[in-house]
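Shared between the two complexes below is chain A, which has chain B as its partner in the first and chain C in the second.
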Partner chain A sequence: MTSYFIRRFLLIVPTFIGVTILVFAVTRLVPGGPIERMLQEAAMAGSDVAASTSGFAGHGASSLSDAQIDQLKAYYGFDKPVIVGYAEWLGKVVRLDLGTSTRYSEPVWDTIKDRFPISIFYGITTLILTYSVCIPLGIVKAIRHKTTFDNLTSAVVFFGYAIPGYVVAIALLTVFAGNLGWFPLSGFVSDDFDDLGTLGKAADVAYHAVLPLIAYLAGSFAVTTMLMKNSLMDNLAAEYVRTAIAKGMAFRRAVFAHAFRNSLVPIATSFGNNITLIVTGSFLIEQIFNIDGFGLLGWESLVERDYPVVMGILVISSILFMVGNILSDICVAFVDPRVKFGSGESSQ
Partner chain B sequence: MGECAGNPHPAAVAAGEPEHGGQQGAPAARLLSVENLSTAFDTEDGPVTVVDQVSFEIDAGETLGLVGESGCGKSVTALSIMGLLPRPAGSIVGGRILFRGEDLGAAEALRLQQVRGNRIAMIFQEPMTALNPVQRIGRQLAEAYTLHAPGTGRNEAKGRALELLDQVGIPAAERRLTEYPHQLSGGMRQRVMIAMALASRPDLLIADEPTTALDVTIQAQILELLRDLQRETGMAILFITHDLGVIAELCSRVVVMYAGRIAEQASAPALFANPRHPYTRGLLRSVPRLEDDPKTVLSTIPGTVPDIHELPTGCRFANRCPHAEGVCRNRAPGLEDTPVPEGQTSTHRVACHRWRAVEAV
Partner chain C sequence: MIGKDLALNPLTLKQWQRFKSIRRGYWSAIALVVALLLSAGAELLVNSRALVVSYQGEWHFPTYGDFIPGRTFGLDYDYETNYRDLKRTFSGQGAGDWVLMPPVPYDAFENDLKVGVYPPYAPSITSRHFLGTDTTGRDIVARLVYGFRLAFAFAAILLACNFAIGIAVGCAMGFWGGAFDLLFQRVIEILNNVPFLYVIMIVASVIVPGFWTLMAVMVFFGWTGMTWYMRTSTYKEKSREYVLAVRALGASSTRQIASHIIPNTISVIVTFIPFSIASGITALTAIDYLGFGLPPPTPSWGELLSQGTRHLESPWIGGSVVVAMVLVLLMVTYVGEAVREAFDPKQFTYYE
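This part shows the complex of A and B:
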């Protein structure tokens, strides 16, 4: 059993190398990189023929100063052979040296690090709220399949699912922050946050979080709730539940004593995916509520061609994705013993 | 819970249940009577009656075989008795199921819980899926016991689980308790199912094709185990199979079903020596010898079972029967008593208009 987890953790190393190779390949596309240079040369050559359009291609690349391009070249090792460049870059990445942001002129890691608390706060809160609503709701819906309660809640969760999160965000903002003035218009905390006591701080964060959280959650209930419901219904129809009832167990009790844990397997499988999705956030919602999270940072960096930050985010979210997957596997292993012990069948 | 008549505790007998206690000298006590049971399913094409007016009895300690082709309604009959029909699609639409005189079809949910697993236990065809994959064997076994003996301590339950594994011939029982179903072979899993069924020393075990999913050698071992256990515990068994060969080894009486109805019912020796229904005769002719592959058993009766949605008004076997005549297609044959040899007490019933003519062939 322990060996399963050890094996799983050792797998981080090759996965990490694979991920970084991919990201490194992408760096060859950034300004000053060999690919972009080729494109640029091609555009130059074309500009003789069609002078009116060529200016556009050249213009984008020139938004970075020569000094910045040189910095990028040095950081990614464009002047060195690929292997050497990769090895040196990897060495920097593991030391959290992700280069310098062209926009903020500060280390990328510092820029990213500042956003972490906010993203993690929203991520973990959404995660907890999602599971603590969806799992019980899915259970009740499965037991009361096709009743009014089931149909009504389905309508509600699918309504939330069908409307894009940013539309919910704008609607909430207009009504509850703008018209009614119940909640703040934007930000993660108030301006006087530092002067507040611990309780006041917590209340302030919660106060600011209500509307964004609803916007985040509106769409996320449907998938997990329906996953839970369908998974539980499948298991309620399974033969081992019939066995439990044949033993003399009440159906309601068999739901929790037998079907429940089995039905958590797909939920556990999707857990890691949810973690990454949620930590990386949604730039639109962050934009609307003016929350300085990961999603907004990524979007702005992309628009402003702040490539070191984009790459840094790519590396970090890949790592998060990896960690998420491992967490998923551990969760699955906890609910499903077949995973821990392998599926080897003993012979007759 | 365990206050049914026939409870093995002497105290219960002493407490006196006159109507059962005073049956001395009478033939073995009637355990189960299924009377004109009809069970229907709601399907997309409307309701279908898949078990139609089925009647049979099981006495304490006897083994009744229920045999017929796949789809003839054997499992549905068993699930009707257990009150385990898939809801809401399936329901009993007629007849009664009397267990020690109590109508289980009309019993409250709570009462059924007290009977299931306690007085009537059941094992299924697929030992692979019948056990909870994420729970240890020991826990599933202990549960079978504690459900009917609330307040049992942990150690006592574990001791009982060990005892049960031992009883069904599982070696290294102590270790097995901590294992999960996927770590056991199919034969071992079926033994675990049997052990769970035995947990509360039931009066009746319903075994629904318990060996069909297993290898031939394992099949034989499981049959032998069931025979031994029956001798030890004195429980009755309703043994369901599509294989007449298995019936011959295990059962004292046999009910043959065809397309949801009973075709013939007799003692095992009478049925094998003197089959009266054309369907039974066809079945017997197609029973393989030991060397043959058991899977080929029923394939030799020509024709196919009529579609459940378009059952004929007359005899359901008519389209395959070599003896069919006009009367067969017009009117469904009822189950009638036929003569038995001198000294035999067991009845021999046949649902065939022409059984006399058939026998004369």
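This part shows the complex of A and C:
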């Protein structure tokens, strides 16, 4: 078992290289790459200026000199072949140097680091809320299967299952922030945050967090609740619970002491993936609510063509993603001692 | 022949009956089919071209085909006729000429601008903008209908590509095993560990995709899901007696896979169809929303959503597209649940 997990961790290395080389090559090889795009945009901006200021003739405003282009390429590291460029980039990453942001002119790591607290705040709050709502709800739904309560909550759960979080976010924003004005439109805190007292600060953060949190919850809520309900129902129908009750055990105790523990196994299979959500948040929801977290940074750096940051975010999110998958497997092995990874045909 | 087989196959019949007995899934399927048929003929319902023009006793049908210049109808220009104006002109003349416009007389691209007022215009029945216009004066009903058609087509083609690759590779992996299986396991592992949305955004920001390039990118990163399921079920089926039997009878690998294994894994395939459609629509809309999807002025729900969030003072923009999206996704998911029930009835033995 230990050897299985060691092998999984070692496999991160080739997978990581595979992922990054893929993206690296795409940003370099595709015609109309970043430099060409930049030149094009510069040319368009130039001709706009030329058109609007009648004093200048249109020519010459659009093109940079070849020397300037070469300089630009050298600045972005585009003057070398892809493999050399990639090797250099990877060499730096191994030394924990993600390069320098072209937009902020500061180390990529510093730029990314500043955004973590906000994403982590949302991630952890969502995590706590999801599990503290979904597990009890799933239990109640399993015990009261086919009652009015079950059917009513099923409708809500189904809705959350069918509708992606970002659509919920936009709906909430339109109704509660835009139309009714009950909640702020965007941001993590108010402008006058620094002048508030401790209580005021907490209230301010909470006030800004209500809508995004509902949107985040909508994404993860349905799957976890249904998983909990279905697996508890399967376990309740199992022989061992029937036996326990036949021997005179109280129903309540049979549920919580026997069935409940076993039905946590499917929930554990996705537990590790929360690490991705915790740290990286969601591109869409952060963008919708203009929350200055990791996801919004990723989006902005793409729009601004700040490729060192783009690659840096890719590095961090793909490593977290892989670690999360392994964590999930560890969780499963931990809750369910019957599971043996790595022997014979793989777990699927 | 195939149709006859399907009709006579008692299992298929039973599955169809089970599907029909799940009312909300069945009605959602009907509603979706109607919506798709209507949107396929959207040019007849939502269009700036007239359905019928009767001019000097002669009937014209401008909906499909080349545009008809204004001079044909006695107007003083050679570009495409503005049929809404023509209708007004004709009814003013009272010479027996008439124009029959579609229920929504706008297409998805024209900017219906008014003098002295800036768009977006609120919904209005008199101007026939039933859901208002977007920020550049394009009719929202038209954008929604044509956007729906495009998104659904995109999702369907994406599904076909993903399934074709997934079924082929997955069957081969499960059937042959060995080095081929190991190689593709690694490939799938790499592709599965790519943060999907982010990588699509990176690629799209570099190449500025059209319909087919975006499709290619999404297929490239998306075929793995189906592959994995097909691999597992082929692997299971392969070791069962009926496959051993046909192999003993001398059936080739292709025959074993195509006429024996795949028909027996059809329930896996069919069950995934509705959910793949839903995720295809969701993904395309998300990418469009973030601004890395289909280039403007393509009618797109994602682009409307992004206008909606930037113009909260015009709630009809965000409101219409959110409602449309919720309806479509709910219906697709209802169908999906019903299909799953029909093909794989999970009989709950629950505690009483």
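Going forward, the second predicted complex is superposed on the first by the 221 of 348 C-alpha atoms of A that agree within 3 Å, B and C clash if a C-alpha of one lies under 4 Å from a C-alpha of the other, contacts with A are read in each partner's own complex, and residues count from 1 in each chain.
Everything below uses one rule, namely that contacts are C-beta pairs under 8 Å (C-beta built on N, C-alpha and C of every residue); 3 or more make two chains touch, one makes a residue touch a chain.
Computed from a predicted structure; not experimentally measured.
Once the structures are superposed on A, label A:Ser318 by its partner contacts, choosing first (chain B), second (chain C), both or neither.
Touch partner of A:Ser318: chain C, not chain B.
Is A:Val26 in contact with chain B, with chain C, with both, or with neither (first, second, both, neither)?
Second partner only.
Figure out whether A:Leu72 sits in contact with chain B (first) or chain C (second), or with both, or with neither.
Touch partners of A:Leu72: none, neither chain B nor chain C.
Chain A residues in contact: does chain B have more, or chain C?
C
Touch test for A:His258: chain B only (first), chain C only (second), both, or neither?
After superposition on chain A, A:His258 lies in contact with chain B alone.
Determine, under the contact definition given at the top, whether A:Lys247 touches first (chain B), second (chain C), both, or neither.
The answer is first: A:Lys247 touches chain B but not chain C.
A:Leu227 in the overlay: touching chain B, chain C, both, or neither? Say first, second, both or neither.
In the superposed model, A:Leu227 contacts neither chain B nor chain C.
When the two structures are overlaid on chain A, which partner does A:Ile139 contact: first (chain B), second (chain C), both, or neither?
neither
Could you give the residue numbers on chain A that contact chain B in one complex and chain C in the other?
Residues 237, 242, 345-346, 348 of chain A touch both chain B and chain C.
Which residues of chain A touch chain B in their complex?
Touching chain B: residues 237-240, 242-250, 257-258, 261-262, 335-338, 341, 343, 345-348 of chain A.
Can you tell me which positions in chain A touch chain C when the two form their complex?
Per the touch definition, chain A meets chain C at residues 11, 14-15, 18-19, 22-23, 26-27, 30-34, 37, 145, 158-159, 161-164, 166-167, 170-171, 173-175, 177-179, 185, 233, 236-237, 241-242, 276, 280, 283-284, 287-288, 298-299, 302-303, 305, 310, 313-314, 317-318, 321-322, 325, 345-346, 348.
Note which residues of chain B are touching chain A in the complex, please.
82, 84, 86, 109, 113-118, 121-122, 124, 126, 129-135, 143-144, 147-148, 180, 182-188, 193, 196, 199-200, 215, 217-218
For the complex, which residues does chain C have touching chain A?
185-186, 189-190, 193-195, 197-199, 201-203, 205-208, 228, 231-232, 235, 278, 282, 286, 289-292, 305, 308-309, 312-313, 315, 318-319, 322, 325-326, 329-330, 332-333, 348-351
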